[in-house]
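In what follows, a structure is listed as structure tokens, so that the remarks can point back to it.
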């Protein structure tokens, strides 16, 4: 269970500005959940302006914090939406 | 209270067809109500297809059956509406 | 004071005109309802129809409905047209456009106007069917039932 | 099978096109919602804005919302366009047109689409103000609050 799981998280709008990038690389371990991903991101420089529980999408769908990540998943951290 | 009150009631659509006219003359007495008008109209030839309580407008507003009619009132018998 | 207009018209209705009429930079939510003549009714093929109305009262009632909607929904801009006369299948019978800064107000006003208009506007519809017959809609069937709620 | 279309577009939106697209002789009730860029927000004068989006997910989510609306409201015809890129005050940001034989279905579908789209579509708005500043709407203020309902 300690095999590494590299994840590239897409960033948009205010989150992309906070991190100064449109994506960030995070190294998790196999079996990691969305919650683990958020913990890792929140410890990175630029995360000061992130809310405690940002929304996350996995494979272009909103994901629960319990969802387990798999190699190849498309992951994105979603700022509060403002369409319409 | 027995002074005559002549009323011309406007007719439309299916009611106009039933009576074969776009209005009918009814002779009521002073103090007569909308209910009295409807009773009088329902006893006239052509009224067979009228419902028991047709809608009536007085001076271009829907009227209750209790409303008292006055000389000069514009009176109309209103078939079920079908706009829109 | 925002824009408000309500008319009975005997020419084709263009919904885009009504939308443009209520739009403004201060009112970001615009909604519309358009009612067109359907090609069937109660299982019968319809070819067209004729709207008859009690014109003075219909104009008065339509203005009243629009005033009520503006009062209840924060003075939205409103434009309403109801057609009278002879219409073909697909023709626009009624168009309503409402605009407000908040979408709930625009949508609420639009819904209020169409619901009240259907209940209260003294307009009658003579449908023409493909078999050559004609019938006053609502008229003959409703006439055989008690109109207890009439007054 | 009635018509359904949902697109993100980077050119001006013409609501009349969407209305025409859903209209048919079998669907007598057509309604629309149009959202335009307002000239102010939170008391500040707005000169324009920029929509950024997570395009693949936004297209997927928009298609999902339209499919849900069609499922819930008796398969109305639906056309939806949401603009992305740079917009000026008065420009159309979103347009929805829904048509059905029954007006409750057309109006219900239109309302469902606008409400869900506002909640779920991964699109962000960078407002440009008259004083030269810019701000991600919803972003900075919401970021300081707990997003407990996020997941």
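Observations on the structure shown:
Letters are used for the chains, namely A, B, C and D, taken in the order the chains are written, and counting of residues starts over at 1 for each.
Here is the rule we use: contacts are C-beta pairs under 8 Å (C-beta built on N, C-alpha and C of every residue); 3 or more make two chains touch, one makes a residue touch a chain.
These numbers were taken from a predicted model, which means no experiment stands behind them.
Least step count on the touch graph, chain A to chain D: 1. Shared contact partners of chain B and chain C are absent.
Here the spacing of chain A and chain C, counted between their Cα centres, is 50 Å.
Separation between the centroids of chain C and chain D, computed from CA atoms only, is 26 Å. Computed from the mean C-alpha positions, the centre of chain A lies at a distance of 73 Å from the centre of chain B.
Each of residues 35, 114 in chain C touches at least two other chains. The set of chain A residues that touch two or more partner chains is empty. Those residues of chain D that touch chain C in the shared complex are 15-16, 19, 23, 25-40, 89-90, 101, 103, 106-107, 110-111, 114. The residues of chain B lying in touch with chain C in their complex are 10, 12-14, 17, 34, 49-57, 60-65, 76, 78-84. Considering their complex, residues 35, 51-54, 56-58, 60-61, 82, 93-94, 114, 117-126, 136-140, 142-148, 150-151 of chain C touch chain B.
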